[in-house]
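There are two complexes below, and they share chain A, which is joined by chain B in the first and by chain C in the second.
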Partner chain A sequence: MTATYDGNMLAGPLSDVFAVEVTTATACCGGCGRNSTVAELAVYGPGPGLVARCPGCDDVLLRVTRTADSIWLDLAGMASLRLPAAGG
Partner chain B sequence: MVRSAWRPAALVDRRPETATATTLVLQAQDWPGHLPGQHVDVRLTAEDGYQASRSYSIAAPTDGDRIEVTVQRLENGEVSPFLADDLAVDDEVELRGPLGGWFVWRPEQREPVLLVAGGSGIVPLMSMIRVRAGTSRAPFRLIYSVRSPADRIYAAELRRRSAEDGGLDVAWVHTRVAPENDPRPPGRLTPDDLAAHGWPPDFEPTVYVCGPTGFVESVAAMLLATGHDATRIRTERFGGA
Partner chain C sequence: MPIITRGFRGHRSGDDERLPPGQYLTHDFPVLSTGPTPLIPPEEWSFTVTTETGVRHEWSWTDLMTLPAEEVTVDLHCVTRWSKLDTAWRGVSLDVLLEDVETVADYALVHSHGGYTTNLPLEDLLDGQAWVAFEYDGDALTSEHGGPARLLVPHLYLWKSAKWVRGIDLLLEDDPGFWEQLGYHEYGDPWREQRYQGD
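For the complex of A and B:
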């Protein structure tokens, strides 16, 4: 199955959650250990939610879904998410 | 509560680009400006409250509160046929953005740039070309893959800019129908096309590739195979084949 989008399009949906621009952050895959820029993740969606997978091993790294009163964010597949800090 | 970043925007002008692509000029309140390559999310709300949003690349440089996007109409699309055909001047949508910090070119970058576009993947790359004129002398090469000459978005402007903007070269790849005088037979973009119209890897160009997912994957693999460093390849995929 071909991914419908890539992580660039997560910028808007994740701007509701993060104070910084998150597509330049580095996601470390909990499955294979590969470091990927969030913009490079393979993204499937948009409904019922967005699912971002590791470009190396296809493991699910991030899921984000919006319901009527909540945003659900699942980062369980990531070993870490390294965000660029201001001034860093 | 999470904050909401949507702002109202009204359509002020529309321009046909091809039979299926239309440029929309939107006026938003308090637009903070944007970088070439960034996108916006456009949200529509139906009378019954149903909402749908999609991402569109910004096509033109910062111009006050005006934002241009070029929308390719997808036959079975939920949002693009409405934007391309039905949205009228003075109609309102909502915008979120500017968005994205990775698929971005900044005029202070000095290195050579290769832009590779598939279909409407030209849109964010056109924003880079338009911003470059007058702000940068970084050498740019564009390879633009389209099905047929009629599918070229911004064709006249690209012809003019390749003659007038010093340091901008434009090469066309036709996948189904080529112009009569084109020595290249129609076919998908190949490593030979990249070698003929791109930069050698040792020039250390930054490469921006945008198009349907299959196109982007294929071009990125060719670039890696010819020795381009993965850290200098930036990709943006918008689905499809």
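For the complex of A and C:
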């Protein structure tokens, strides 16, 4: 099975978390070092949560769930996430 | 007149009583996935139980096929709110697999090919409550549903029934799995609607 979605589908769920447009952010994979825009990630889900994987090595880069009163975000698979700064 | 009273409860088929709170009935078998579907030839599949002292018990596919298998018909309840009734499986009970495993562990952490994990109390794997299942509805279990073999623990939400199961660590302390780390309930009883931490 190929990925259910690409990273563009993270825009909605992550709009409650990030103040900037996250799909153009650059994620550096902690496993293989590849830089990908969030839009390029391979996203599986949507339930029980969304899992975004590196298009290079399939490692998990991001997970997000929404429970009754919380949004849970895991970015532990990334070496970094570079976000566009306002006016930058 | 208890028999007559029961007849006036208004359930056409009795299905409603078999649906835990917040669930709806489906006749499909939705596929939920956290990553690419692993394609594991049975001859490369194995199942390993590792105790809290590090003792390993391993079964190959051939070993699994020589063990006594059971046919079970169970209801499935997914935390994404669908339930599917009367699903037919064939598999080896964890009672058989754990029979000769010496342990004082209270917890189990289940591992799958592809990196998925899920945790549950060891006692929920015993006493006819859990199987390593390799047939669904009379056919070999397809890879999209977890074949060649998956865990089947139908009394808990389906995320505990790890697809592509490859082993179980027996632990003295609970260790949260893939979804349990991210807000999902450590136990996940559908009848108590234990979806999220704190439910």
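The criterion applied here is as follows: the second predicted complex is superposed on the first by the 88 of 88 C-alpha atoms of A that agree within 3 Å, B and C clash if a C-alpha of one lies under 4 Å from a C-alpha of the other, contacts with A are read in each partner's own complex, and residues count from 1 in each chain.
One rule holds in what follows: a contact is a pair of C-beta atoms (placed from the backbone, for glycine too) under 8 Å apart; a residue touches a chain by one contact, two chains touch by 3 or more.
Just so it is clear, the model here is predicted, and its values are computed rather than measured.
Once the two complexes are overlaid through chain A, chain B and chain C fit side by side, free of any clash as defined at the top of the document. Of the two partner chains, chain B is the only one touched by A:M9; chain C is not. By the touch criterion stated above, A:V60 is placed in contact with chain C alone, chain B being left untouched. By the touch criterion defined above, A:E21 reaches chain B but does not reach chain C. Working from the superposition on chain A, the chain A vertex angle toward chain B and chain C, CA centres, sits at 100° in steps of 10.
Once the two complexes are overlaid on the shared chain, A:T37 sits against chain B while remaining clear of chain C. After superposing the two complexes on chain A, the closest approach between C-alpha atoms of chain B and chain C comes to 8 Å.
Residues 2-4 of chain A contact both chain B in one complex and chain C in the other.
Residues 1-4, 42, 44-45, 47-49, 51, 53, 58, 60, 63-65, 67-68, 70, 72, 74 of chain A are the ones that touch chain C when the two sit in their complex. Residue ranges of chain C in contact with chain A, taken from their complex: 31-37, 78-80, 115, 144, 159, 179, 181-184, 195-197, 199.
By the touch rule above, chain B contacts chain A in their complex via residues 2-5, 39-41, 53, 55, 96-97, 99-103, 213-214, 216, 234-239, 241.
Remark: chain A residues 2-6, 8-9, 11-12, 15-17, 21, 23-24, 37-40, 71 touch chain B in the complex.
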